[in-house]
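Here come two complexes built around subunit A, the first alongside subunit B, the second alongside subunit C.
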Partner chain A sequence: MTALLREARFMLRDRGAMVWIALALLLSAAATGFGIAEVRDQRATIAVLLEEDAKDRANAISKYDAWGDAAYDAFHLTYAPPSKLAFAALGQRDTAPWLHRVRMLALEGQIHEADTRNADFGLIGRFDFAFLAATVAPLLLILLLHDLRAGERVAGRHDLLVATAGRALRLWLPRAGMRFAALALALLLPFWAGALVEGAPALQVLAASGLVLGALLVWWLIVEAVGRRPGTPAALLAALVGIWLALALILPAVAKTAIEASHPVPDGAEILMLQREAVNDAWDKPKAATMEPFLARHPEWRAHGTVDKPFEWKWYYAFQQVGDMQAEPIVRAYREGRLARDRAAGIAAFLSPASLVERGFERLAGTDTQAMIGYEDRVRAFHAELRAFHYPLLFRDPPYDPLAFEKLPRYQPPR
Partner chain B sequence: MSAGLSIAREEWRLWARSRVVLLAGVIVAVLLVVTSALTALRVADEAEARAARQASAEATFLAQPDRHPHRMVHYGHYAFRTPPPLAAFDPGVDAVTGQSIFLEGHRQNTAMFADARAGADLGGFAGLTPANIYQLLLPLLLIIIGHGVLLRERESGTLAVLLAQGQSALTLAGGKALALAGVVGAFLLPVTALAAYGAARGEPALTAALMVAGYGLYLAVWAALILAVSLWVRQRSVALGVLIFVWLLTALVVPRLGINAGSAAIDAPGKIESDLVMLAEQRKLGDGHNAADPAFAALQKQVLEQYGAEKVEELPMNWRGVVAGYSEKKLTDLMNQYAEKRMAQEAEQSRIVTLFGFASPTLAVGAASRTLAGTDLATHHRFLREAEALRFDFVQGLNDLHATKLTFADDAKRSADPEAEKRTRVNAAAWRLLDDFRFVPDPAAARAARAALPLAMLLGWLVLLGGAIVAGARRLRP
Partner chain C sequence: MIPALEARSLSLVRDGTTVLEDVSFTVAPGEIYALLGGNGAGKSTTLLTFLGFLAPSCGSVLVNGRAVAEDVDGARSAIAYLPEAASLYGHLDAYENLGYFLDLAARKVSRAAMDEALDQVALPREARGRRMQSYSKGMRQKTAIALALLRDTPILLLDEPTSGLDPVAIDEFHDMLKGLADAGRSVLMVTHDVYGACQVADRVGLLRGGRLVGSFEAAAGERIDTETVHAAFAAREAA
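Moving on to the complex of A and B:
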């Protein structure tokens, strides 16, 4: 106890140490603040769009007197709201879309639409808490702890201190532990405050904090292992920075390159071209070329499946779906390819504490690749619901009644 | 001068004998060579693939059978952004923006299928590129090599001897600066090679040379900082700590804080959001598919008067085609207005981010590098504009066919009457109205002009640090 108090006083008088800790606190507060502002912005956008979307759909439906026209013009908003922990890790939300407006046309022509944001954002990246904890914090820890021993050695006190303390551990553990704890607190306090403001679930916050502490502990061990070696403070620091560089920057980048080379995904542009060709060719083909594959998938409409006129809405929507069906294999490969890359990245992340922390945060915050693919899956499911709603109207063609659209399926974001 | 040179030579000799310097140097060199080769190959592949796709998209369009022209409006076309030669060094926003756009009537689609969306996510940094290594790793290597450049003399006591021998502190600092400049010169070899490779593939000499000069300036700023710190600080470990702290801030923290600030200062709506707002306005413009839409009453009145006709059936051209062309023009004006607004907001955000370059040379050199390479946001915006012009061109060409080659009677009956439907198909030879599209970067002078501000920022840093070096040398005591 007295040892801890002594070390606390000692640390408070160490100006260098206080600079690193104050910096950690400042950066953490900035990352948290900006993160909260961004997720609030995104939530506000969704709220406004939900309102506008409903108005626009009502307006579109009110203008028509045929099922097909109304379906053509009615858009439906789908979205993935940021989770309560998303402020700490914006993750894939800067590159993957989290908003769509879909309609009854072929889905493959719509779902890959990117709700583009400023490309510089995706390129340089945001300063969010996950980045701070994963990449910057270890460097701060290194700066804080690298010269505990070597500094005393240079000052000529090292051997005396060790001899006085009896066991070396009694001396270095409280000293390093005090600094470690101060840095960890400086990082986590603003994060906890942010989590409280956002109402993030306690278990998630606990897990995220554990992740930060666990990774920092690994870095501490690394610093310990290197710091024990004889050498000038500068040489030790250079070595530690080299290790940090390898683990936090180079290994992840090399792993990323290797994974992307070994797990190819089909070129997305192919999906679009294939689907487009299929849909457009349908106009020139005999109607049966569309209706046969469609009715094979939907035998329940066989009784209503004949098309007599050059244009009928049911045929139009049938070839939209057939276009999607033709793209199915490559779409599956695109999805599987991305998931396979993500799985491989999950394994490779064990090579780098920085990657592990960042991926862990994205997982907890629902901003990882899996969550974004999960959102795409929900959009697909919703689009299937839309089709299931419209097909009876298009194939049976009852007298037009706009009231029927009150039962239109609504997109439900995940709870 | 010879004194400065011998000081520098002594420094080089020491570095060449240091295992740490050699090891770090070899690792970074290998990384740089491998990354450069991989990136150059990948970008060359991409350029070829996209050019081929562009040509094949054009061929497929021309190969379409006889059709109703409006069907071709919806059949659409593609525009591909082929990477410029210097993208082999700095691919810039290419990975983030998507490289192709589907062009069709009544819509401005986004560029789809950005590589970043399908990439393996290992957090933090985008994949390694030569530009990344130059911006992030080389300064760190320079710090590891050079942080003791003068403090070494102080700690071993030779500084006092040198000064006592009458060596002026300025000459000493000059020699050390020369030593660091030699390292910077060696560091510049790979970028020079890549710039030459770019020039061989058609890059103008001006931008290729400026690229090398920009990175030379950037590394010189770091060298100057290292020397300045070495002059002003008395302990080697403190100097290293300070330098790594500065690196941490300028390379990792400030650029990202700049992004946060740009995003918080200007709320640029995403495309879906602005599309929705636009759609509400667009509904007022009328539906170009429906020539009876009341929104076209004024147009109808005017055209009927012009041709002295009573009904649209009496007009010498197909009224439906006229409406299609008219509404496409109106709609495009509206879409362009929104697109321009969005792009202006994004450009403003990026301008704010670039202003953070005053606090971070890393950000400044990144902006200069992407601009010179032709892989910056502004170039992407120009791609969007050119793709839009291409879209509008062929769509209006087709609408023109719609108005002049079809009769109104056939066009109105075509959904119900197979014979009329056959007569509304236009001969496929008409599809040759499609223009070739080859995206090329801005002229070298324009890119150089855009890169002037960030390059000036770097120069400002260098001058400032030069002052700090001179001041530090003047007060140098053993």
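Moving on to the complex of A and C:
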């Protein structure tokens, strides 16, 4: 304890160390602030759309007197609200869609037309707390610890210090430990404040803090291993920055390229195009070309499956679903491919502490690939409920009654 | 009586070069021993072996009768070390530096005791609260000497301790060393200052090329004859 107090006093007088720690505090506050602003913006967007959602739908329904018209014009809001820890790791929310206004039309195109949103963030990554903790914090730790021994050697104090301390550990461990603790606190304090403001669950905050400390500890060991070697502070810094570049930037980038090459995945635009072409082509095909595959999937409507008129709503919605059915293989390939890439990335992350921390944060915050695919699956399930609600009305075609829409399924995000 | 310091057939080879070869000497409690020699004679290296920073290739070094290799901690805790051109922290003042290093040595010393030590080395009072980066070389050396005094260890290892001190300060320093020796402390100092060594030391060893090539001892109540040592030193250097 005395040693830690001694080193705390010493560190407070070391302007160089305090600059890096102050920078860590500033960056952490900024990253936390940006994250909170972003999730609040997302929540506000959802709240505004939720307010309008029921109103718009009621307007659409009241305008018509046919089931098909009402179904056509009614939009249904689906969304994945950011978790209470999402401010710390926006993760895949920047590249995967988390908000849709779906209709009774073919679904896959509606899901994937938003895939290219925020593509710039997909490329450069966002400056959130997870990025700070995973990528920037190790660099700050390197700057704080790289020259503990070498700096003293160059200044001609090393032998005096060690001879005075008796054992080297009595000196370097508290000195490095104090800097480590100061950096960790500078990073975590704004994060904890953010978590408090956002009401994040204590266990998740604890786990996230453990991730930060664990990653910093790994980097401390790396810095310690290199910093013990003879060499000037500049040479040791160059070596450590090289290791940081390799582990935090180059290795994840190489792994990403290798994973993408070894796990080819169709993109969202392909799904969109395929499904739209399937739907558009249906207008020119014989009705049976639509109804047969539809009724094979929904034999319960075979008794009502005859289409006699040039246009019938049940045929229209049937070819919307057939469009989805035709896109199913590519949708499955896309979904499975993303999951396979994610699994491979999970394994590759063990080579890079930075990737491991980012993935850990995204998992805790519910902003990882699995969470986003989970949201897409929930949209599909909700859309299936919509179809299950509308098909009896479209195929049996009872007299139009707007009150029937009171039982219209509502999308509920998971709690 | 167990010597405070003892080198037994000490040899050291570094990077294929013999730095010390079969060096043997002892420093008794209360004795001042000066190792004289030119640049690269192995003087500082000898000190570093007593601190456990360098391990002998052959032979051994002992502190208070215990081999340093067996108990480095024990050796270091018995020794106050003053490196050549001791560099303390420039961003701290003299008190803060003393406080930091003494705390490192697990020694609590009051401000009054610090002032007393700083008075002994004649560091001006008005300088003591200033950052050491504004100190002259001599003032820095005086602060480092004060640190060695405040360690209050039975043994002092001093590497060119008068480097940077003015003649008056050197005389005062020598008087102080004699006082410490009289109080029972052992001093091993390395220097190339023949005059200074003869002024203060009870015995002088002459190192050349890593070998102890001469030894001089003061007769009771006398000083070592400077001219004799200087002649030996000059002859050896010329050789």
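Definition applied: the second predicted complex is superposed on the first by the 401 of 415 C-alpha atoms of A that agree within 3 Å, B and C clash if a C-alpha of one lies under 4 Å from a C-alpha of the other, contacts with A are read in each partner's own complex, and residues count from 1 in each chain.
Throughout what follows, a residue touches a chain if its C-beta (ideal position, glycine included) is under 8 Å from a C-beta of that chain, and two chains touch if they have at least 3 such contacts.
Quick caveat: nothing in here was measured; it's all calculated off a predicted structure.
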| item | value |
| --- | --- |
| Which superposed partner A:232 touches (first subunit B, second subunit C, both, neither) | first |
| Which superposed partner A:156 touches (first subunit B, second subunit C, both, neither) | second |
| Of subunit B and subunit C, the chain that contacts the larger number of subunit A residues | B |
| Partner chain in contact with A:49 - subunit B first, subunit C second, else both or neither | first |
| First (subunit B), second (subunit C), both or neither touched by A:165 | second |
| Touching partner for A:376 - first (subunit B), second (subunit C), both, neither | neither |
| Which superposed partner A:100 touches (first subunit B, second subunit C, both, neither) | first |
| Touching partner for A:341 - first (subunit B), second (subunit C), both, neither | first |
| Shared contact residues on subunit A - subunit B and subunit C | none |
| Interfacial residue positions of subunit A with respect to subunit C in the complex | 2, 6, 9-10, 13-15, 155-157, 159-167, 170-171 |
| Footprint of subunit A on subunit C - complex, ascending | 48, 51, 53, 72-73, 76-77, 79, 81-83, 85-89, 91-92, 96, 100-101, 103-106, 144, 151 |
| Touch list for subunit A against partner subunit B, complex | 16, 27, 30, 34, 37-38, 41, 45, 48-49, 52-53, 55-56, 59-60, 75, 91-92, 95-97, 99-101, 109, 112-127, 130-131, 134-136, 139-140, 143, 147, 150-151, 154, 232-235, 237-239, 241-242, 245, 248-250, 252-257, 259-260, 263, 265, 267-269, 272-273, 276-277, 280, 283-284, 309-311, 334, 337-338, 341-342, 344-345, 348-349, 352, 354-355, 357-359, 362, 368-369 |
| Complex interface listing, subunit B residues touching subunit A | 20, 24, 31, 38, 53, 57, 60, 65, 67, 71, 74-76, 78, 92-93, 95-100, 102, 109-114, 116-128, 136-137, 140, 144, 147-148, 236-241, 244-245, 248, 252-253, 255-260, 262-264, 267-273, 275-277, 279-280, 283, 346, 349-350, 353, 363, 366, 377, 380, 414-418, 421 |
